[in-house]
Amino acid sequence: MGMRRYIAKRVAHALVVIYIVATIVFFAVRAIPGDPARVLLGGDASAEAIAALREEMGLTEPLYVQYIRWMGRILQGDLGTSVFSDQSVLQMLIGVAEPTLSIAGLGMLIALLIAIPAGITSAVKQYQWEDYVATTVSFIGISMPGFWIGIVLLIIFADRLGWVPAFGYVSFRQGIIPWLKHIILPALAVGLPYGGILMRMTRSSMMEVLNEDYMRTARAKGLDGRLIVFKHGLQNALIPIVTVAGILLGVLLGGVVAVEIVFGIQGLGRLLIASIQRRDFPAIQGAVILISFVFVFMNLLVDVLYTSINPQIKYGGSE
Amino acid sequence: MGGSIEAGWAFNAVEVLDPHYVDLYQQITIFSNIFSGIVKLDRNGEIVGDAASDWTLPDNTTYEFTIREGMTFHNGDTLDASAIKWSIERLMGLDDSPHIGKVADIESVEAPDATTLRINLSRPVAPFITFLTRGPGRAGTIVNKTAVEEDPQRYRRYPVGSGPFELTERSTGESLTLTAFDDYWETDSEGNSLPYLDEVVINLIPEPSTMWSAITTDGIQYADELPPQNARQVQGGGGSVDVAGVSSGEWSCLAMLCNDPASDEWAERQSYASGNDQPTDAWEGTDIPTTDRRVRQAVAMAIDREELVSTAYFGFAEPAHSLINPAIAWAYQEQPENAQMYNPERARELLDEAGYTGEPRFSGSILGTPTDERVMTVLQQQLSNVGIDATLDVQQESSYWDNIYRYNHMFMMYGGGGDIDPWMSWWKQLRTPMEEGSSGAWQKNLYSNENFDEALSKSFNTPNQDERIEYVREAEQIFLEDAPFAMTTFPLTPKGSVTQLKNVGNQIGLSNFHRAYLEE
Amino acid sequence: MSVSDLVESAFSGSSESGKTFGIRSDLLERFIKTIRRDLRAKIGFLVVALFGLSAIFAPMLAPYDPMSQQFPILMPPDPLSANPLGTDSFGRDLLSRLMYGARISLAVGLGAVTFGAVLGILIGLFAGYYGGYIDDLLMRAVDVMWAFPWLLIAIMLVAIFGQGFWNVMVAIGFAYIDDFARLARGEVLAIREEEYTMAAKSVGLEDYEIIFEEVFPNTVAPLIVQFTIFTARAILAESTLSFLGLGVKPTTPTWGALLGQGRGFITQAWWISIIPGIAIMVTVLGINLFGDALRDAFDVKETGQT
Amino acid sequence: MSSQPRPTQRAGPSVSTTVTEEPPLLAVDNLHTTFTTERGDVPAVDGVSFAINEGEVFGIVGESGSGKSVTALSLLGLADGATVTADRLCFRDEDLLAKDEAALREIRGNDISMIFQDPMSSLNPVMTVGEQIAEVVRHHGDVGESQSLFAELRRKYVTGTSESSASWQRAVELLDTVGIPDPADRANEYPHQLSGGMKQRVMIAQALAGDPDLIIADEPTTALDVTIEAQILNELLDLRDEFGVSIMLITHDLAVVRETCDRVAVMYAGEMMETADTRTLFEDPRHPYTRGLIDSIPRTDDDREWLDAIEGNVPDPTAKPQGCPFRTRCDAAFSLCEEPLVAYSAEEPGHRTWCHLYNDAVANDGDEVQRVDDAEAKQLIQEHEASDDLVTPQRPNFGGEYR
């Protein structure tokens, strides 16, 4: 049936994109000046030792050979071994993915919880005080660097008030409450700017919907205001927002990197930056692939969700 | 007593803990809780027995150790002379180990019986005994045969030693758990078995500010390294945190290019150090002021070390007037004669003499890593005060190392750590590079002086400390005369512990918990 | 659907929509009218002007040399003292550094978006105008770019080409290419079939003539709005990169770098990280307000999809 | 017949003296609907009076922008951002102006329901047509299904409306009534799956769902092609016969009026021009504008060019000419036309014309003025004027109604 074929098509497309991304990254990292062998052995290692290690790491082979080898391994789901830690990149990624995804997830949740109601309110109460408050706040939210929000929150709630720990991450497996305590500030830091944008979106989208003929129809039927907004308006208003939420993931993921640094959380972003500084090629490639993967597939998911909340589209995509 | 503590290490990811591969101080400070050495440094920085109860030098090239009885590895294997023999010979076989040089002069290792270990050197090596210390030395740190042979790769991350603690758990980028080793041989004066602590969880907290808030909010009880700017807040105590600034045998300087790598004299020679056959032509047709000794002396005098200490280090450093660092108790002098002292007037005179009178007198760039940034920023200002215009080139570590061996910068931030013998800061760094052997292998600034080389060789071949000190002083004087390095500071590492935590061993920058305890 | 659209719509105040064509003639006029009429525009313009000027004239206005370490370190702000905004950890005057910082931050912001806009618009125009496989090719390329979160692109580029003013500018701008491309393409598609394009074709104008003389001018309005809003984002981007230590040379004062340097002192010298943050916030807020007003003035359509 | 001048009575009462005895279903007297914009006040409806009786089809005809749709919206308080005033706005003698939003909701859908011009945009794209009808049934409240916000949202987002529920059954029934084939399946489809005609039928079914006494159909057929148009109109008439519901049919198309309406009012620029029963209007059109319209009927197939019959365009509502808004385009315009308009009754009961040609002081042959006694004429006009100023109830400007 249409749905399945549509998804299949999009998945294929997504995979192609990821493949290209991976390829670009492969060559990009090798363009980064600096020698992993030297970083690994430390500055003062002997030339011989370094040469030996480069050999061992397969860095001496011609680029295309390296590339083919690497692709081969990727296809078997092997992302290689970290130059720096002798550890399978996959394991490393799994290790760091949890905190990052926790923060991103909670961040997005916060964003949505703030954005949707606020957006609706300010659309419905257009040019009344609720609208002005919501709009102003969202504007301020949009205008702050996420990591800076993080710093401010850290100073206030962790350092001054001491309500939550200032650093690190504990897995939810060690208990939901501690987990939340560790990620709430980072999540807020990434969520607020994101929520700001979403709120603006919701507002304008909702306002368009409110002016639609079918909303007038609903009123002519004698339905009560709240019912009209939430039953007839909301779903229509959400249609564009869903798409946007997906796109914004990029913004959000980007935000998480800096926020992880502020809160000293060993996440994907941190790993990526550290790996780049150490020229840990396999790790960099792995991280980038993972990020693009999450990004592309979240958007795929969003597209599917989109088609499901919008009965008007036949699965030809949202074009 | 007992109890367990959370500790913080300012590091991204501590992976390799196999002492024969470990290169970074944060790793040393961890594994010296896990391993025993043949010898170790006591709290005064003196070398004392560890696995060896005692040792003698029948002659200049032979070390004979008496090994304690009843020591075992964490996995139950007995630790006797032959186990140590195996450990040393393993290192001798590891080409890719950064420490192989330390055992290069070993002719043979013998273990005639369980309690006797004899090491024969091919020639006298004065600092040799320091190589065998548990912490910084690493050559004499004893690894476990069974575990290594089982899986060398795994051993790098899950080392098995014989120290007071064993590594029981680790999660990458997060934490390592050290658990007290019940069969640890050593006891305190009352005969209580050591260590007192049951468990030390080492959290990796790369973020200085979060390290600080962690220890102030009692998230951790010990910090291997605190951000100096915060540490300075609690100096003088009073708070819930005690901070100790300890020397880890660390020194730092501004290395100055002493010769043109492309010159006839050096074109070949530089490759012994750098491994690049083609010397850079970066200097072609340009004059390199720092090749003039007077200029180097001037730079050394332009540096206000007190200000450096207070601004760049927030007080956590000693001003360095020479290259012998405080951790080398027997050779360290705060101000030897002709020490490098702050004297801007004289510096300007010297620069005038050298013919650099312009405005600026000359310009050059300083190469450094992000960690050097504070120091570089202050130096830049100080150099400009004597008319030298320095631009800062901050490189990520990887590209820093690439650049430094291209000799394309006039100034380089450089230093060393864990140097517990003068040889460690001199031999590879400043001696003339040779095609064979480690001499000058780490030359950053192409310095060469026969007399200096000579003095070093002598001091290297004279194990007897009293005779040796003469040659050390001689070399030091030549160093101060030629000023290949403008010394800046001996950095101190601010170690923080909550007031209840007592008696952590911080000699030469270590964090040894094996006598540490929590006060009720 | 591209980020550009969502940002557009995210910032759009009015739900009234409808494309405006042939606005080139009265563009400037509308500009001025907007500023005169719309409060948001007024505020925004004033803020931007204020920071812009203080940046341009920093050498004259700044009380001290931003590099000279002449004061006691970590002095808290005190309006009446020599350092109204306090000093940093080297004893440098924060106010002066902030002023000089504005130069780089704003310059990088503008430069980055200009770079992204020029490339993106070119791509978009050609893709949209020619359609067919050229379109496919260019747009697939854009798709791939879009699969990278912007920060990734920036980090990579900086890692490869090294830090420094121009590199960072490009690194940031690179991430906007796809957004501009999509927007420009969308606009072109919308008006490609308009009468005047047809007319131009019929009188036998060269393609490039049509593109640049007929089509492009009519895509200007949305692009201007886009440009304004992205400048705001570029400034944020710069601050993030500098904060990660991947910005313009570590030693040059930019707002982000100041923030970064403040990081180690959060607990004892909040002002080092808070004050530059506020500067960033106010500027970006100003630009956003301005852009928002512009959108309403230009009555730019907010499209849901690409 | 005597051409004896009869003093015309006040509009209000005169309305009730039309064909039937019992009070009209809907009585509108001197309705004003004014939008406040930054370009000044816009009087979209400017003094409109008419009445609709039980079971009657009443047509309001006029060009686009003549205020006919706004009139309809004003009745139900759906004219957003407008201030509505009237001497009288009564449904079954209940004053609609006096009602607050909540009270109006009770009226909407239940007593008076609307059918809008464009079925494509007037149906909610994300709800099945069945549900869109069913919710009205529930709102009508005699099926005993909860219509609380929570219940409704649960139906919408969680459970969906059960096919066995009374409201759904009724919805299917209604779809059947309006002639939609296999309604049970159709009920589960979304608007975009239906043809234009189908959609409009759904709209009608929806309008019927609360079995109202009055259906306001605002250009119900403009968006449809001619063949469908006929079907839909017949559908409406059948319903009238079947349920005895009254219909207020708003259109720009006199042909449609002739086919369907019992009585009709002609509007121009927010004001009434003429009202009469359909036959009379077509046989004896008195207003020049009405004549213009009738002359142009043959060309109804196209709905833009037909006004060529009358030169010029509808005046900008913000800048309406003094007195008769039509005078600028009127061939018969003369000295009195700048005086405020008042209604002049003709012989036919209920036939009234807002044109000074019919002032008793004016002698004319219906197209041209022979003689005017200005003094007397103006005096007569003032009498009409005077009779208008009494306290007018008004509905405040609600703005958007989503509270």
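Letters A, B, C and D mark the chains as written, and numbering starts fresh at 1 in each.
To be clear about the criterion, contacts are C-beta pairs under 8 Å (C-beta built on N, C-alpha and C of every residue); 3 or more make two chains touch, one makes a residue touch a chain.
Going by UniProt, the chains are A, C = Peptide/nickel transport system permease protein; D = Nickel import system ATP-binding protein NikD.
This is a predicted model, so every value here is computed, not measured.
Drop subunit A from the picture and the touching chains left over make up B, C | D.
Listing every chain that touches subunit A and subunit B alike gives C.
Counting C-beta pairs in contact, the chain pair with the highest total is A-C. Closest to the protein's overall CA centre, chain by chain, comes A. Note: the chain lying farthest from subunit A is D, by mean C-alpha position. Mean C-alpha positions place subunit C and subunit D at a centre distance of 53 Å.
Remark: subunit B and subunit D have CA centroids separated by 94 Å (rounded to whole angstrom). One finds 54 Å separating the Cα centroids of subunit A and subunit D.
Averaged C-alpha coordinates give centres for subunit A and subunit C that are 22 Å from one another.
Looking at subunit C, residues 263, 266-267 sit in touch with two or more other chains. In subunit A, the positions touching at least two other chains are 33, 154, 159, 210, 239, 261-262.
Contact with two or more other chains is made by residues 209, 213 of subunit B. Pairs of chains meeting the touch criterion are A-B, A-C, A-D, B-C. In the complex of the two chains, the subunit A residues touching subunit B come out as 33-36, 38-39, 41-53, 84-87, 91-92, 95-96, 154, 158-159, 162, 165-169, 261-264, 266, 270-271, 274, 277-279. Contacts from subunit C toward subunit A in the complex involve residues 1-3, 6-7, 9-15, 17, 143-144, 146-152, 155-156, 159-160, 162, 232, 236, 239-240, 243-244, 256, 259, 262-263, 266-267, 270, 273-274, 277, 280-282, 284-285, 288-289, 292, 302, 304-306.
Residue ranges on subunit D touching subunit A, taken from their complex, read 76, 78, 101-102, 104-110, 113-114, 116, 118, 121-127, 135-136, 139, 147, 149, 152-153, 156, 190, 192, 203, 206, 210, 400-403.
Residues of subunit A touching subunit D in their complex: 124, 126, 210, 212-214, 216-233, 235-236, 239, 309-312. Of all residues in subunit C, only 67-69, 73-74, 89-91, 245, 249-251, 263-268 touch subunit B in the complex they form.
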